[in-house]
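Structures incoming, each one as structure tokens.
Look for chain A in each of the two complexes below; its partner is chain B in the first and chain C in the second.
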Partner chain A sequence: MSDLATPSAANDAGNRRFDVFGFLARYGTVIALVLLVVFNLAYTRNFATLQTLNVNLTQVCTIVIVAVGMTLVIATGGIDLSVGSLMAISGALAPMIFMGTIFPVGNIYLAVAVAMVASILVAGLFGLFNGWLVSRFRIQPIVATLVLFIAGRGIAQVMTNGNLQTFRVPQFQWIGLARPLGIPAQVIIMAVLVAAAAWALHRTVFGRSILAVGGNEKASELAGIAVSRIKLAVYAISGLCAGLAGLVVIAINSSSDANLVGLGMELDAIAAVAVGGTLLSGGKAAIIGTLLGALTIQLVRYTLLANGVPDAAALVVKAGIIAFAVWLQQQHRV
Partner chain B sequence: MNSARLVRIIGTYGVVIALAALVLFGFLRYDRFLGLFNVMSVLRYNSMFALVALGMCFVIMTGGIDLSVGSVAALGSVASALASPHGIVAGLAAGVGAGLAAGLINALLVTRGNLMPFIATLATMLAASGSALLLAGNQTVSVSYDSGFTAIGQGNFWIFPIPAVIALVAYAVGSVVLNYTSTGRTVLAIGGGEDASRLMGLRTDRVKFLVYVASGCLAGLAGVVLASQFGAGQPIEGVGWELFAIAAVVVGGTLLTGGSGSVLTTLAGVLLLGILFNVLNFENGMGWISLSAYWQSVIRGLFLLVVVLLQARLTARRETA
Partner chain C sequence: MTAQPDQAALLLDMRDIQKRFAGIPALADASLQVLPGEIHALIGQNGAGKSTLIKVLTGYYRRDAGQVLFERKPFEVGSPHQAQVSGISTIYQEINLVPLRSVTENICLGREKRRRGLLDWSAMHAEAERLLSRFSIGIDVRRPLSDFNTATQQMVAIARAIGFSARLVIMDEPTSSLDEREVSVLFSVIRQLKADGVSVLFVSHKLDELYEVCDRVTIMRDGRTVRSAAMSDIGKLELVAAMLGRDVAAVEGHATAFGERDRSRIGDVLFTAQGLAAGQLVRDVSFDLRRGEIAGFAGLLGAGRTETARLVFGADRRSAGEMTMEGASYHPARAADAIAAGMGFCTEDRKAEGIVPEMTVAENITLALLPKISRNGILNEARQKEIVERFIRELDIKCSGPNQKVRELSGGNQQKVLLARWLAMNPKLLILDEPTRGIDVGAKAEIQRLIRKLADDGLGVLMISSELEEVMEGADRIFVLREGVRVAELEGQAADEEDVLAAMAHGGAAKEAA
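Moving on to the complex of A and B:
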């Protein structure tokens, strides 16, 4: 941004003063989360129950799944606006396959397997297309992914002719409804995904390359990192995550509405990433932070709703939190 | 430098040529395409988008972005509908005032808070949407039909729809500001290189401030037109408007990196996207094909794709030249 012109003397003097900000920027999300839990324990009735935990976790799951992919994209200095539309595509495609709209299905287990793999892969391919636009043609990520943001939902609507698809297929819906050991299946999926992404980001060459590309693209290229391939990969991963999240959403709803699946998801995911401490300019990423960010936003909303504040007011509060969190990071960076 | 001019020429005239070709196609193919009724309803309906895109165009030329325009328009429509019983002026003032407030918040967050425009306006988008729902009590607010408020959206000035006249005036003003005032030149300078502009002594923060405020006001005005045209303030309308506006600006040949752009080709971009939809309707009416309305967004997306690919090619050529 515009920090280049800051005189270094001011910077030195500022360092001590900004320690508070630094601390808040690093641990602010955790502190906020703890404060929220404490507040709820004190004031919200029936907060410390398994049901509350399950409600909050299941609601936050799809956001986190999408936000994991988004974190990787943002770590390279990009952004992916198309995730909501890709969720709609995978959510539209899967029922068409396992209900036999496209071709007749014999074995339901086989059909469900094909449906899940195919729809996640298709979303991944669209993600790859985003990456191709970004890396091959050097189109700004916000514009490149805007194409599928607009066209993607249209594709899903054209596929289904805008019709609602309803189904009752337990062989498929375990992904959103099953509770092995009392834990919702999508929570397990989310946890595995978060763990895998955190490990990959910090312990693998691929992960370090992502951060390098986001930190300084030219330098990474000169250092021999295959920048284009890294970018292709993160957008493809973001597409795969969106595809998976689309399946979870339609499984929970027992229906798929191309007009609604994933609507506004790009903003929720970006908000979670930003609040979680990932720099939107790239080069630094916190997967666990993204999880905490999504949980914080969700818990704020829950707290307000549980205490009788209307949903619309909760939106305004959410906006304030996002702006404040990013502002805090900005202070740390100066 | 020569191919830089080529970029500008194709950026400028490409969209105009495409627009002319599309209009010619429609004229030759459909009976009533250039009929008074069709032309005027296309203009009336697209004037809201034109207003929003104008503000967006200025913001983008500074290298920023304004994601809040859609929900600010929704907020403006609710505010003006609530004020409409007190007359045209009250409705207009309420809607534009709501937009002004949102624009001020954006401007402060971006210039004082040093937030990235993307995040600042994202936050405002959520806040405006929430405020609109709160103000409206989660439902559409019907406007007063007795105070003359509906004239803004439904009335005619001679044969021209009043909202289209408003949009045209706004574009004329915008064009003059951009090309003939120091503020306008500073807008482009900031997009070209903000640090350099500041070091040259240009008042970059003040101009950025103005740009976001203007975008907010125009979105509010679009909200007034929305409420007046459809007879109701609609708190959940405006979803996706920001992206339509960005698409129109890009199709109009303005680079999203900022530093170059044109107001009038943005208008051409809005009309092109709007008429594309109109042509689709006529084609369906002919009965040869039956594309559902859902194809609209697919086609718009493809269109945007072609334009950005073209832009990328031209920019790449400029860089190597």
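Moving on to the complex of A and C:
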């Protein structure tokens, strides 16, 4: 029953229209970002200062770190709703280790190192669990990761008995507060992650396999690509990224509240990915786009706040931008 | 066309139906006449236009030309639902009911009974039971549909059709997911429908079934109705010949670009398969393949050709059978194992299982090659470029460059990209499933010449094709499959076309006793 002829003429028509929308879909985020900067230079006081730059960058960092992992997951045609909860878990675990709640701390440097590695790894393991549900049982990613979206924050709260953990441990907090050469440490981490992911996507077998799995899973399997392993890997990476972002957040705050760390992060990250031009249907990954998408969303919010628009209204504008970006991609896809 | 029934008595009369998609004709000159209270078979190869014709009838597509009379009145409907209300119900291969709702809800969906504005459940349950009892089916109509097996669900779909007082029920491959016992129940239901004066349009690829249950048959090919006859007037061989377009006398000369074969180039045994089986579709297939040989799989749709190829390639799990590759026993658990053993597989469905449309020509060509053009997981761009450019040149792939998206290429060039993907692996055995389907004549000849050249260079080729001349002229040996069983092995080129047709139709190589 394969009588549906390919509408090749329709494709041609799509290609012609694609020029306008294709251009916008490709460079829309950059254009929006430039427009925002120009607008702010003209109307927002004290915009062109290092401080403003740092404020915006530090705020956007955690979103970008999580969104890098999210981009890889979405590129395989999946999605990861659990990232916010995994941030809460790593954010809850790390202070328990370096403050000696779990076992007595001898050397603070060693304790911090163990705390960081262990909490990121634990988040990565939870990510692996997501990947296992998706690849082994073929559960739809949105449902599979909903499990830890719900349970993850609960686990974090149980770990801490729902208590707020506060601390002042500079040996740990450099990750959110240090400024080597005047650049916030987390900005450096973010930049390294973005560069590594962009490189891996274009230059490695792993990156190519991710795009192939998202682009055509059956064809990939028949071409010998280990589809299940790729899926396991991207969800694990997404978990690792979330774990790292959780540490950055608690370092900045000098405290960890399992109720709040990473709250709503999954949606911010997905929004950054979508605005950045990665297709939510998979097969494409724009890591730099994700970075630009996160910056755009952040800058819109900053612009509105700096010009006296209340935060609630800023959220509506943010939603509008996301809707517009996704609509633009739809046009491009015709 | 033969045996025109009396026009006044027709239940359905479709004439000169034309339908084009984006300029490409899917139906060129199709007609279909169904009598009241008859079981009418509609058959043809994939792409012959059966589905399109049905979809035109049920209002899913709008026809470009032609007329449709139903009960002697012009029949114009805009949707399958309207068609159903007007007396034509369709039961699809995949039952499109609502699995989690009750049997009653499924039967009464769209024509619920009401009393004082509320749903009258007891009346609806009674109605559902009444309809099902006509087929001697007594089930709890309050239970969700998904509680029942496929056959019962199909009965529910039929009962639903009857509930709409259908005068014509279209069944699109209704037996494909049923076992033998279920099929016989379905047939008794169909006969019951016939006795009640309801006509059935029966689409199936299983010839034996057609002879068992159908009164008349309409055969389609390339969007045209090529023949319609009483089942009793047409032999199986004739039927297959008409489907494949072989009703002309013997073919003169060569219809393909394969040309003469130098058989001295065929080497020692490369691959053997003994008693392969998996599920209902592959039941007992044995064959072997030599280096430099082209083996052809012939058979009708549903004969198990593609399914056998998937077993060989490890894409599906086999339930029985032994295989060897280069003398060593070979047990592929997944495609990667087959690739490691030196096999490649160009699938029948280029779009769904072959190309990665959003990727470039270069990325598609190197998809199976990634481990070989990388070190420590890092791609060697220069090596990729070299390989890709070589294959674009050698196979003459028409593209703007290695970085063009593969979805923008024509079907023939996409096929060449897939061939390049496997040839780049330097395989020993290449499985080609319908290698020239849906591509233009020029590209087709090019690909056929290429296949022959590859075999001359020592590649073992397993070729599946629904085009008889491709198998007849291309293959050195022909294995005929019928309903999952390898029924004949014939010498290629020297084989008698009628022998191949006979084996496809009823399993024996012997000539049909007319």
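Note that in this section the second predicted complex is superposed on the first by the 322 of 334 C-alpha atoms of A that agree within 3 Å, B and C clash if a C-alpha of one lies under 4 Å from a C-alpha of the other, contacts with A are read in each partner's own complex, and residues count from 1 in each chain.
By definition in this document, contacts are C-beta pairs under 8 Å (C-beta built on N, C-alpha and C of every residue); 3 or more make two chains touch, one makes a residue touch a chain.
Just so we're clear, the structure is a prediction, and the values are computed from it rather than from any experiment.
Once the two complexes are overlaid on the shared chain, A:V117 sits clear of chain B and of chain C alike. Counted by residues of chain A touched, the larger count belongs to B, out of chain B and chain C.
In the overlay built on the shared chain, the residue A:K284 is in contact with chain C alone; chain B does not reach it.
Using the contact criterion defined above for the overlaid structures, shared-chain residue A:A212 touches chain C, although it does not reach chain B. In the superposition on chain A, A:T204 makes contact with chain C only, not with chain B. Of the two partner chains placed by superposition, only chain B is touched by A:V158; chain C is not. By the touch criterion stated above, A:L148 is placed in contact with chain B alone, chain C being left untouched.
By the document's definition of touching, of the two partners only chain C reaches A:L222; chain B does not.
Comparing the two interfaces of chain A, the one with chain B and the one with chain C have residues 1-2, 4-5 in common.
Within the complex formed with chain B, the chain A residues making contact are 1-2, 4-5, 79, 81, 133, 137-140, 142-144, 146-155, 157-158, 161-162, 263-264, 267, 270-271, 274, 280-281, 310-316, 318-320, 322-323, 326-327, 330.
On the side of chain A, the complex with chain C involves touching residues 1-10, 15, 203-206, 208-209, 211-212, 215-216, 218-226, 279, 283-284. Chain contact summary for the complex, chain B toward chain A: residues 65, 109, 113-116, 118-120, 122-127, 129-134, 138, 194-195, 198-199, 239, 243, 246-247, 250, 256-257, 292, 294-302, 304-305, 308-309, 311-313, 315-316.
For chain C in complex with chain A, the residues that touch the partner chain are 21-24, 26, 46-47, 49-52, 55, 93, 172-173, 313, 315, 334-336, 339-340, 345, 347, 352-359, 363, 366-368, 370-371, 374, 377-379, 381, 408, 411, 421.
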